[in-house]
Amino acid sequence: MNQLGIVKRHIDRANPEQIKELRSFGVATVHEAMGRVGLMQTYMRPIYQGAHLCGSAVTVLLHPGDNWMMHVVAEQIKPGDVVVAAITAECTDGYFGDLLATSFRARGALGLVIDAGVRDVKDLTAMEFPVFSKAISAKGTIKATIGSVNIPVVCAGALVNPGDIVLADDDGVVVVPLALADQVIQAASQRESNESEKRQKLASGVLGLDMYKMREALDKAGLQYID
Amino acid sequence: MNQLGIVKRHIDRANPEQIKELRSFGVATVHEAMGRVGLMQTYMRPIYQGAHLCGSAVTVLLHPGDNWMMHVVAEQIKPGDVVVAAITAECTDGYFGDLLATSFRARGALGLVIDAGVRDVKDLTAMEFPVFSKAISAKGTIKATIGSVNIPVVCAGALVNPGDIVLADDDGVVVVPLALADQVIQAASQRESNESEKRQKLASGVLGLDMYKMREALDKAGLQYID
Amino acid sequence: MNQLGIVKRHIDRANPEQIKELRSFGVATVHEAMGRVGLMQTYMRPIYQGAHLCGSAVTVLLHPGDNWMMHVVAEQIKPGDVVVAAITAECTDGYFGDLLATSFRARGALGLVIDAGVRDVKDLTAMEFPVFSKAISAKGTIKATIGSVNIPVVCAGALVNPGDIVLADDDGVVVVPLALADQVIQAASQRESNESEKRQKLASGVLGLDMYKMREALDKAGLQYID
Amino acid sequence: MNQLGIVKRHIDRANPEQIKELRSFGVATVHEAMGRVGLMQTYMRPIYQGAHLCGSAVTVLLHPGDNWMMHVVAEQIKPGDVVVAAITAECTDGYFGDLLATSFRARGALGLVIDAGVRDVKDLTAMEFPVFSKAISAKGTIKATIGSVNIPVVCAGALVNPGDIVLADDDGVVVVPLALADQVIQAASQRESNESEKRQKLASGVLGLDMYKMREALDKAGLQYID
Amino acid sequence: MNQLGIVKRHIDRANPEQIKELRSFGVATVHEAMGRVGLMQTYMRPIYQGAHLCGSAVTVLLHPGDNWMMHVVAEQIKPGDVVVAAITAECTDGYFGDLLATSFRARGALGLVIDAGVRDVKDLTAMEFPVFSKAISAKGTIKATIGSVNIPVVCAGALVNPGDIVLADDDGVVVVPLALADQVIQAASQRESNESEKRQKLASGVLGLDMYKMREALDKAGLQYID
Amino acid sequence: MNQLGIVKRHIDRANPEQIKELRSFGVATVHEAMGRVGLMQTYMRPIYQGAHLCGSAVTVLLHPGDNWMMHVVAEQIKPGDVVVAAITAECTDGYFGDLLATSFRARGALGLVIDAGVRDVKDLTAMEFPVFSKAISAKGTIKATIGSVNIPVVCAGALVNPGDIVLADDDGVVVVPLALADQVIQAASQRESNESEKRQKLASGVLGLDMYKMREALDKAGLQYID
């Protein structure tokens, strides 16, 4: 019995309108709009400043030190996809470099999110191929053990189902379940709608204490002002 | 829109026979039987040596520094359950102590697996209440924000659906999806069936090189013996 | 100008009654009684299970890899004191072993709390000399640079003034400012007074949800039960 | 009894001349001038390269996952202040983003030093609002528990009293106690006075061995040259 | 070109007298006797309290997640050897369990030092087979890539040449180069010779300040006593 | 007996042709060419983006918090050398700043690789003096204990013999043993020779699955495609 060794070819993806909408928000906003869930862990960082991506997830599960399935997942990429790579145990080896990035891009991939290491970061940066990873490592991998493609995976603490929308920017990586995309877009829009007004007020010197009417609650909580 | 705030009352659980079978195996054996997947991360450690548990998971998702839902999950415990607690962000605070353990045990819980901290470990040890946690911390929590009970959660890198079987011993924690329980039991049994024979051979001085017939493959891989 | 190089000989200490009272509480209880503050970080662990200490702090600030001031602080120890050792930068070297423990004990010290490493842990365990440390390390130190004794220090994230009461058990280490000792004792006593009643109720199967009357607040917060 | 819940409105601050002087030195120089103390831990990093700040500290102590007091501290900011935020337990959540930065800047704050996470780093960078933090995290916080403002806090291993001068650059963060500011300025000046002469000598090929006359001491210490 | 794939069959080992002598010392003493070098990093911990080993090193270099060479090294073990296992990149997988321990013991191995994870720790503890490791992990490994046996390896930060003596106890692991064994034994003996006298003095209340005649040096260094 | 306290003046170095050749490759390529060995750990990072160095190693072993030997090693630097600094225990203190960089550069050093911290990173960046380090720290060091120069050292998990070639770029740091330089150059050249052809094919949409003829092996390994 083996849970691995499966490649699912057909998955549902977000529609272009959903991607376009979600891409317009920041990771922090989307995570709030979902009820403060869906974030990957904070060790996931962009390999270059300003890296940004938003697309439907094609998932791949690999074994430590083995990147064989990276070639298998390449074939399943559709234009606009983001590859999300999870490992069955902690590993920082360099699973991905400029050759695979060339292949992924040729298939239409927008970028990579990987709970392990990558290498050739100078080339990846020059290509402007966005990668969010746990580590940078020159350590090479082998091709000996199969994993799976397009099964649900846990990447950096977040559950990712194939087709879920992955949004990543300087603040981190958030995963939006496909079925919730429209609701999240709506909630995020509402959240942003009055932000510019708030920003203006705060810039003019109005305090959050007054703008959010916090003084009474703080007093009730026992806050004491002394000189 | 909020993904949290849900308590699912009815979940499917493993049957007593499945639990009894799985309990007889070690975590390493079960993880191998599943194709080397399903493990929580290695930072999950028992609070006392020899802690061991096996049962169906009742899951709870909490926010950092907030253990309100621990009281909500208590009501959903059935005899033989293991509570699996996940947090929406990294946190080491002490969510659980001897009072909650008393309550959980009264409801029939076998133990707790939590991706955060616990306290009163001396009392928990005296009670022989098995806990596998990320940290030990006296830091107290509040009761201000709701989470959910019996939704799928990611705990220490592993996906846990309510009803999945959780097995934990000195080697770590493994999660067996409920639908795979019978297959895993069979695979684990096969794996163990010839272990005692192997152990006897190795104890008598037979080398794994010969027992597993590795010499030819090593030679082909280029291994060279020098003096 | 140099802030180091000072040994303060006379400090105020807690009285024996205060120590006796505080010793009767757990670290978690005392930390709650102070408003959930005063804890050292969770990496501070006892070198043997069951280590426990409570006493007035004699503080010492040392430089990385240099334990010279350990001999200076020894002279300032009064019976019942706990030595609290902080380092000016992160360090895991072994500052303390069985010879210093012999000396400290001869002076009346109850134990050591150190934000660095210790060694000879087998001997220290045999002596039942309680130590809470960040690391165990055989790495030796030198005696080249002076530090200070009985100045305020930051140890594992907690401010410790000389004379403050340090309480440590399996759950961690908490620091009680000397001036607050009586208030903390009172608050901790109140906290514990009805714990046994609560424990009994919970053990009988009463839920925290009912005992603490949480159902209404959870409902108001939007918690939904589904089947 | 609760140590938290206090806002101190009046604190002493460094005078503009002191700030101007200290701002001219690097963190390494100031830390040396104080006797090699006063540094925060090395995990405190600027959110963008070249971030730099120097000002009197307004302190705030918050609970894990709760940024309510950020709005309270905003009101206590005077032009030229640096907000120093400490948390009562380890936490990497994103306590601070572009709205709060707008508010802090409107009050005259120069920047933020926080032993936790921040978000909206792209916006903060565009605003050139200097932040030194432990983490970058999109994870949102709540407003449920009060803390305190302008009490002594431990931030990233350093004691900060309100009014102390905080200096931060690419090398890290150092805290200068207000009472020592003049002495530190003098010592730092002396330290720097002959640096350019030394730099010139070293650039010309003179060895530190000769410039600092180390050869005899090394010989005495037993250093042996072999071929 | 490949540096791996070599098994050296004949290595020099320490003689039984050297092992017997070194076994009588603690790790801290031996490390001091070598000039405070030779220690592995502090994350190397015994899998059970009281684990202790001393023997000549048989070394093995493995790839991440691959324990094939464990079977190759087994054949090279001579009675009294300690297997020292290094990995070419960071890895916490469980390379070693009770079957391999049975085989190693049958060949005469005294124990294992491994810069990775091990599993079946309950069985290993019951067998009293001493293991010092970086992690405990149930994660299984594969047998796909060859490494080398009895080449110089770096294990947990220490260089180990085949035949070097490895000594491990509760304080950590130290490596004694074979060529220095006699000198280290002599230096360690001298170091221990007057320890019992010192211990007695310190136990009687004599201060290290006086026993080591430190007062003058401290005074010269500028130490000031205040009241 | 003391293993430290030695300065070796004459060491063999790589010839300029070897350096020139190796400099043309990336760290990942060279590490693969050596059989996937020789890498330092992934925590070794450049202090500024784009830092790059290649040269023969002059090694130095220092004690925690003590940079005395940095001045000793300076004298042994020949034009084109890279200084490789190892510490006898874990330490993040700032061993190196702009004055030492000025001195090293005056002697002809190309850069520094250090398993500890450095400071004055703004100045080092302005000087374009490449440094690969474990940490950035303003914490100063002392000059009290001698170490050694040009002995074999373990730096960030890699063995470095004096004269070995050290190559570092954005992907990390790799060490090429002097005796293997020519073989590594040849293997790396072969590795790179057909990379551009591969890149072109992948860019045109050819899959690695086909280019590397993996489909049969994957099928044999049991990979299943489902819809």
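Order as written gives the chain letters A, B, C, D, E and F; numbering starts at 1 within each chain.
Here is the rule we go by: a residue touches a chain if its C-beta (ideal position, glycine included) is under 8 Å from a C-beta of that chain, and two chains touch if they have at least 3 such contacts.
Computed from a prediction, not measured in an experiment: that's the story for all the values here.
Peer 1: For chain D and chain F, what is the smallest step count along a path of chains that touch one another?
Peer 2: The fewest steps needed to get from chain D to chain F is 1.
Peer 1: Which other chains touch chain A while also touching chain D?
Peer 2: The shared contacts of chain A and chain D, listed by label, come to B, F.
Peer 1: Counting residue numbers used by both copies over all numbers at the interface, does the chain E-chain F contact come out same (over half shared) or different (under half)?
Peer 2: Both copies, chain E as well as chain F, present the same residues to each other, with over half of the numbers appearing on both sides.
Peer 1: Please compute the angle of the rotation superposing chain B on chain E (C-alpha atoms), rounded to a multiple of 5 degrees.
Peer 2: A turn of 120 degrees brings the C-alpha atoms of chain B onto chain E.
Peer 1: Express in whole angstrom the distance between the two chain centres, defined as the mean CA positions of chain A and chain E.
Peer 2: Each chain's C-alpha centroid was found; their separation is 42 Å.
Peer 1: With chain centres defined as C-alpha means, what is the inter-centre distance between chain A and chain F in Å?
Peer 2: 31
Peer 1: If you average the Cα atoms of chain A and of chain B to get two centres, how far apart are those centres in Å?
Peer 2: So the centroids are 27 Å from each other.
Peer 1: Could you list which residues of chain F touch at least two other chains?
Peer 2: 2, 5, 36, 39, 42, 63, 88-90, 92, 137, 139, 145, in rising order.
Peer 1: Kindly provide every pair of chains that touch.
Peer 2: Those chain pairs which touch are A-B, A-D, A-E, A-F, B-C, B-D, B-E, C-D, C-E, C-F, D-F, E-F.
Peer 1: How about chain C: which of its residues touch chain D in the complex?
Peer 2: Residues in contact with chain D: 1-5, 33-39, 41-42, 61, 63, 88-90, 152, 154, 157-159, 180, 183-184, 186-187.
Peer 1: Per the contact definition, I'd like the list of chain D residues that touch chain B in the complex.
Peer 2: Residues in contact with chain B: 63-66, 88-93, 137, 139, 142, 144-145.
Peer 1: What part of chain A is in contact with chain F in the complex they form?
Peer 2: Its residues touching chain F are 2, 5-10, 68, 70-72, 74-75, 92, 94, 97-100, 102-103, 105-107, 117, 119-122, 135-140, 143, 145-146.
Peer 1: Can you check the complex and tell me which residues of chain A touch chain D?
Peer 2: Residue list for chain A touching chain D: 26-28, 31-32, 36, 39, 42, 45, 50, 169-172, 174, 195, 198-199, 202-205, 207-209, 212, 214, 218, 221-227.
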